[in-house]
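To keep things simple, chains are lettered A, B, C, D and E as they appear, and every chain counts its residues starting from 1.
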Amino acid sequence: MEAVVKSASDLSKRRTALKKEQRRLAYSKFIHNKQAVTGFIILAFIVALALLGPIFISLDPYEIHPEDRLQGPSGNYLFGTDNLGRDLLARVIFGAQISLFIGLAVAFFAGILGTIIGLYASYYKFLDNVLMRICEGIMAIPAILLAIALMAALGPSTENIIIALSIVYTPYVARVVRSSALVIREETYIEAMKAIGAKSFRIIWGHIAPNVVSPLIIQITSVFANAILIEATLSFLGAGVPAPTPSWGNILYDGKMVIFNTPWMVVFPGICIVLAILALNMFGDGLRDILDPHSNSKK
Amino acid sequence: MTTQLTLDHEPLLEVSGLKKHFPVKNEIGQKSAVVKAVDDVSFKLYEGKTLGLVGESGCGKSTTGRTILRLTEPTSGSALFKGKDIFQLKGDELRKARQDLQMVFQDPFSSLNPRKRIGEILEEPLVIHKLGTKAERTEKVMEILYKVGLNVDHYYRYPHEFSGGQRQRIVLARALILNPKIIVCDEPVSALDVSTQAQIVNLLRDLQEDLKLTYLFIAHDISVVRHISDQIGVMYLGNIVEYTDTDNIFAEPLHPYTQALLSAVPHPNPTMKRERIILKGEIPSPLNPPSGCVFHPRCPMATDICKQAVPVNKEARPGHFVRCHLY
Amino acid sequence: MSQQAILEVKDLKTSFHTERGSVTALHGINFQLKEGEILGIVGESGCGKSVTSQSILRLYDEKYLVDYEGEINFQGKNLLKLPMDKMQEIRGNDISMIFQDPLSSLNPVYTIGFQISESLMIHQKLSKKEATEKAIELLRLTGISAPEKRVKQYPHELSGGMRQRVMIAMALACKPKVLIADEPTTALDVTIQAQILDLILQLNKEYKMSVMFITHDLGVVAEVCTRVIVMYLGQIVEETDVETLFSKPLHPYTKGLMKSMPTLEGERSEKLHVIEGAVPSLNNIPKGCRFAERCPFADELCKEKPPELMTHNDNHKVRCWHYEKIEKGEVAYDNTINA
Amino acid sequence: MKTYLLKRLISLIPTLLIVSIVVYLIIYLTPGDPAEVMLGDSATDEQVEALREEMGLNDSFVQRYFTWMGGVLQGDLGTSYFMKEDVTYSIVSHLGPTLSLAILAEIFAIVIGIPIGIFAARRRGTYVDQSFMGLSYIGVAIPSFLLALFLILIFSITLKWFPVAGYKELSEGLWEHLRYMILPALALGCMHIALTARMTRSSMLDVLNLNFIKTARAKGVKESIVIYRHTLRNALLPIITIIGQNFGILIAGAAVVETVFNIPGIGQLVVNSIERRDFPVIQGIILFVTFVYVVINLIVDLLYGVIDPRVKLDK
Amino acid sequence: GGSSDSSSEGDNTSEGTDTAVSTDGELHYASNVQPPTLDPLMSNAIVTREVASVIYESLVAFNENFEPVPMLAESVDVSEDGKTYTFNLRHGVMFHNGEEMKAEDVVASMERWKEKSSSARAVLTEPQFAEVDEYTVTMTLAEPTTLALGAIANTSHLAAIMPKEIVESAPEAGVEEFIGTGPFKFVEWKQDQYLHFTRFDEYAALDTPASGLSGKKEALVKDVYFDIVIDPSTQLSGLQTGEYDIAGGIIQDDLAQLEANPDLEYITPFDANYTLLFNRKEGAFQSKELRQAVAYALDLDALAAVAAVDNYEITPSQLPKLNAVWATDAGAEFHNQKDLEKAKQLVEQSGYNGETLNILTTRDYPQMYNEAVYVKEQLAKVGINVELLVYDWATALSEVRNSPQDWNIFTTSFPSTPSPVELLYYAESYFDGAETDTQKELLTKIKSAPTTEEAKMYWEELQTHSIEDVKLITTFAANKISAYTTDVKGYKYFEVPLFYNVSVSE
């Protein structure tokens, strides 16, 4: 017994050491994944721009300069001005905040809701039939049409976009979670838990849920990217973030009108959208490689 | 090692008339057929002894084991354990009973949750059954780790950091931590290399001696089963076709299938080229099993009666049961 | 043992480029396959059996994924230096191969008839009709009933044993000189395994085909092989004829392996012999003898310096510093390692 | 086969029912009144009320749903508030441009995407592969409307190769038609080219790792045949799936591109109808597009059976 | 290129020289909106006026001085008391369906018109139409007014004369067949693509010279296509490639391009008065001081500049300048005063409690939206908290009508009307709830004034009152840019684009 107790006191030390080691490993795995790193750097750059930009550059995205309408990029206005003479750089930066926030919020809500639906659908057959039919129904409606219709119904506001896009994307998350959960459910260790006498709640949340995390995260990055894209599209169609709040799609909406004269109004936010989505996709795919158990195992 | 099946003391677990039929649905979702995965299986487990179940893939070995643990519901039959029929237990009673009945699975890679540390995996059964305080549980886990030949170092590791053999030890530890009476071992060594296999087989035997465990040992490797079992049941297509003490079976296999099976096992002895009985044909599907004796299409000794009548279980020799028209 | 070598592997070294650097799976493999013999290659999972067999046909041949060193001589040609089109002429024609898992080794979307006749159409330039007829014949040869019907079936419609027979028929299509069988029966039941082993033995006799038989089952080796190579962690540790291997193994690993196997004969001894520890990973190869860590006879020399494959006699090679002394009982059995 | 088809068709019913309810609910919740939109701000409340009554807007939700659903079941999608024509007719008359756009985009996706995917898979890990995959990332990341704007900037405004926008029917000549369609189809299809290329690549790689590819090579099959005969056919399932799904997405995605290029397809119709609160049209289109989407998926499933004998469609 | 930059419509003419004019040509007009309906009584949308005027004609029409002169009527006689109007119809005026226009058609059409038309409601008191004989129709009023014929000539809710059967069978949602008497007849409406009109060969043209909407109308092209081209830049490029002959919706920002192109010309007809409407039914703007604060806070020049309007004028006149009868600068002393200090002071006086006020606007009309953005920024400077409620136009309309609790300012625009009485916001039940006694009284005076001069006096008073009281703020009078290629000869815009007397050379 003596030996056991002694080891127990060592356990916590061991634990911290292992955790450190684990972190180091995860880090090294990440750092060696070119895609993930590139995606992360771009994303980090955009996030930093969105969060820190307003602190360092004291620009007002709302201030109107009627005399400076549609100026090209210059010392005064790095990105030029828009059709109301507002500083495009400031608007693009604030747009980044909005777009990222919407993307993040949608990913968050759709992620949580989708996970719950997916997990329970996979576990209980009778729920599966009901929930999956509904999800299928919603997924059968093309995302963009559903989003447009929902926005018309809910009315334009940032919260409503988040609600609408969460409704649109929850089924996608649910489906991914469910299909991975169905596989996990058949794993022997789930059977082992039943053999031990674990209740369903423990099995679902303690054993199935942690194992759907990787596909979930990957799906969530993709939802994140798609939410940014659809938000931009909605705003571009005039059904998105209510103006004058700048969002990338909004800026493009304004820019579309003047594309002949002032292409930079399209070019700058356009590049931002592409970069953000690109970064998220790369990051997600990188994560896929990192989290994929096959890339861990001996093979 | 020779134990008579007709022991005077009570069996620990008595399974009789166990049937498990899976409905098979067709495309439109109607029940179209049943798979008779287990069709009338009876046997007894005695305390501290091992019953080996052998048979080829798909014959219903795993289903038998899983049904006893109520991982799948039996179609009919009974399993008396401590005077109660396991198949009738519900809710908390069943959960209680599960402490006494544990399982070790074939695939050591998929039977551990890859996202849990070994410590957590081993502690969880205790948590589920609300046994002990946190400290006591940790202690118990460490104790069990030692018992299966691992050490405390492994407490915070993840399953993927272990080799197959080590994982099988962990699986065993998880089964043992609740102090079960019976462990169903479903091909616990089939996925392991020969050298590792020996380690686990030895461990199983040591533990049996220490803890008076009772095993239902399922395997298709006859030499391993022979090594570990006190009695052997030979299964074919959902039936136990022959059932007796280990030594009896090897000394005098009665069922033509057992004979063929034994002769087909390759011997690691090049000098001893024995006469092999090569069976014709393939193992039929339990979806539509042959009429009469299920073995008759492949049986070298089949006669007309075999095609028509289902043979009953006979005690052809004392304590040696066989299901064949020849006896 | 004076037959000619039909295939000679010299200093074969195969390394893979993986994301985490290069992994050398084979470290200088040397052996000969003689005409008409069945050469067994045994060893535990991951020791490099499959890599050896697939290196011979250069199935990993993708310049940026794999490096081969050494020579593989077949009919006077070094296969490793052959241009791909020449290599393709040899594959399936002179050297064929069957794999462990017959389901995943058959293309699910083509009938087995097509899959068998494909190689006839490639190598013997038969017409489709001729090839199909030949395929039916080959299937009959492997003991499949109603082969006319089977050719039209898809792999998933067949049972495991039948699939493996299809694989064999496919491999035999062009009457190859060498058949490489990579664990052809591991996925099968014993009674079916017996059928397949029987078939391979029969074909070996009838066609005088040399067979490289890869397995981890010593029982199977004893049943079918004439000569055996034992591999451990990417190296050959012992090579001899089958009787000698089972009667007088020299390498401690082989000895351990033999003893740790439960058998159907003799006493059901209380305990099985155990080789302690596990096979080290390829990323973490011991400096000296690769088996030293697990070897009860190992000493400092073993841990420091890797032994060469030594010739015990014409017919027996072994990679161990101390095999002679062990034979004579001169080295102490190190018990600590088993603790 | 027949029973399978029947079963699949039956299983569409709940999906479409749910879609119809969802759509109806959304529309019910949508503020804005078609009567008001129609009459403009000069109308008196009485005029608005009279029109509402005539349009049946004063009925209860359930009543309206069942009236509508009853019609739908008889193949009648209702009458447009604004165009005063059958919704079915509106859809049909707007379908041409959208279909043409989607088909063209799909053709781009197939004839560009699949070869690129195969090419990249065969040269996996090389710079060629990496640059193609890098491009495909960008392809996926560019929203179609943005690409549309860029394409207009480059090809129409600067180079003047293509018209800025508009639509010419096929009856006015193939080239004339294509001149108007190429840019929109590219804008619409770009993402799908990239997706198809990536799916092809990864699916090819998955199959290339399977054992039977080794078998084929071991038989002495030429590498090109290994790729096209043994790998591609097996890799086709996920590719077809994505192509099928794409088609649905393309039809829906046309909404955006049609708006930018001012193409009078159903995409634009739906956007306009939402603006005008032309509810029957919105419902009709969404139901229709969904139906198309579901049917295409059904066709894809049927194709599975043709390509892969393991997929048994009949029992 | 170049333009006649005057906003007077009379000058907005491309010189009509006769070079290689084909009478079988097609005229493509690009419009950025699709009409909600072709029934002129079902919508007051400008685009509906535009298309309806192609097909339909009314009894009287405006000449270029905004005087109603006979069109389908041969002559109009007004009784002594000014209560009875007798319309002597022209003989041989054919409908597009081949039948002749008769008094019964006129009566039916005018009866429906008086039901639906906002002009009729605003101007005429209990009008009664009656058939005297086949070619004579009378209109009797309860109260005399000099504005009556102007109301009938109004292009908004055009008093279109249609066959009786069609009028009488028309459901609530509008007529189902579009049959008029105009020089072009309706052929096809390809939703979201185009409306197609073709020359009506039996058209009975007048022989008086063309003036405004009156006089001789001659279809010089065979087909007129009213192409729906939503995107302004597309319109411009289509104009450049010759796809369209006339583009109705070019924006200011593209003007430079337009001017740089020698093959293009443009005119700038009046579009609408952009207006901030205050909600006086509910909320903070019931306070006059707060409304005035808004008026003082705004710099309308800056506002108009950012609103990116096409071509504009800052004027207090609530009717367009070209409507010489009614246009007036009365109230200019309260208009566009740009006094932030005063505004702040007024905010204080008003007792405004800092609550958030909502501007209801739409992005469907970028000018309104931009205007709203500017107002928000500007009001923030004087301490008024403003949020934008941005809806699509449909929702905005519904909100403004049904949810007075939600909005405080509504951005909208008002097209020209024949007389101030017909300005929608002076209607009794207008949804801003801003009707004052003064307003009511003056409106009645205008209506019943025996002469136009006298009426105008009252109107000046009313406009001044309206501006001083800040009933609304007319932020700017916008002109649109209607561009055309040099191949187009004789193109004019008067209230609507005129497709007759226009030729296109190939």
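The criterion applied here is as follows: a contact is a pair of C-beta atoms (placed from the backbone, for glycine too) under 8 Å apart; a residue touches a chain by one contact, two chains touch by 3 or more.
Since the model is a prediction, treat every value here as computed from it, not as a measurement.
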Specify the chain most distant from chain C by Cα centroid. E
By mean C-alpha coordinates, which chain is most distant from chain B? E
With centres defined as the mean C-alpha position, give me the chain C-chain E separation in Å. 91
Distance from the mean Cα position of chain C to that of chain B, given in whole angstrom: 32
Whole-Å gap separating chain D and chain E, where each centre is the average of the chain's CA atoms: 40
In whole angstrom, the CA-centroid distance of chain A from chain D equals 24
I need the residues of chain E touching at least two other chains; which ones are they? 231, 233, 237, 364, 391-392, 395
What parts of chain A, by residue number, touch at least two of the other chains? 152, 155, 239, 256, 259-260
Shared-interface residues of chain C (touching two or more other chains) are none
Chain D partner, complex, touching residues on chain A are 133-134, 136-138, 140-146, 148-150, 152-155, 225, 229, 232-233, 236-237, 239, 252, 255-256, 259-260, 263, 266, 270, 273-278, 281-282
Seen from chain E, its contact residues with chain D in the complex are 34, 36-37, 42-45, 116, 118, 121, 156-157, 171-174, 176, 189-193, 228-231, 233-234, 237-238, 241, 243, 364, 391-395, 397-402, 412, 424, 427, 429
Touching residues (chain side chain C, partner chain B) in the complex: 44-45, 159-162, 189-195, 197-198, 216-223, 225, 242-243, 245-247, 256-258, 260-265, 268, 270-276, 278-279
Sort out for me which residues of chain D touch chain C in the complex. 125-126, 210-212, 214-223, 230, 233-234, 307-310
Give every residue of chain D touching chain E within the complex, in rising order. 31-34, 36-42, 44-45, 47-48, 50-51, 53-55, 81-85, 90, 93-94, 156-157, 163-167, 259-260, 262, 264, 268-269, 272, 274-277
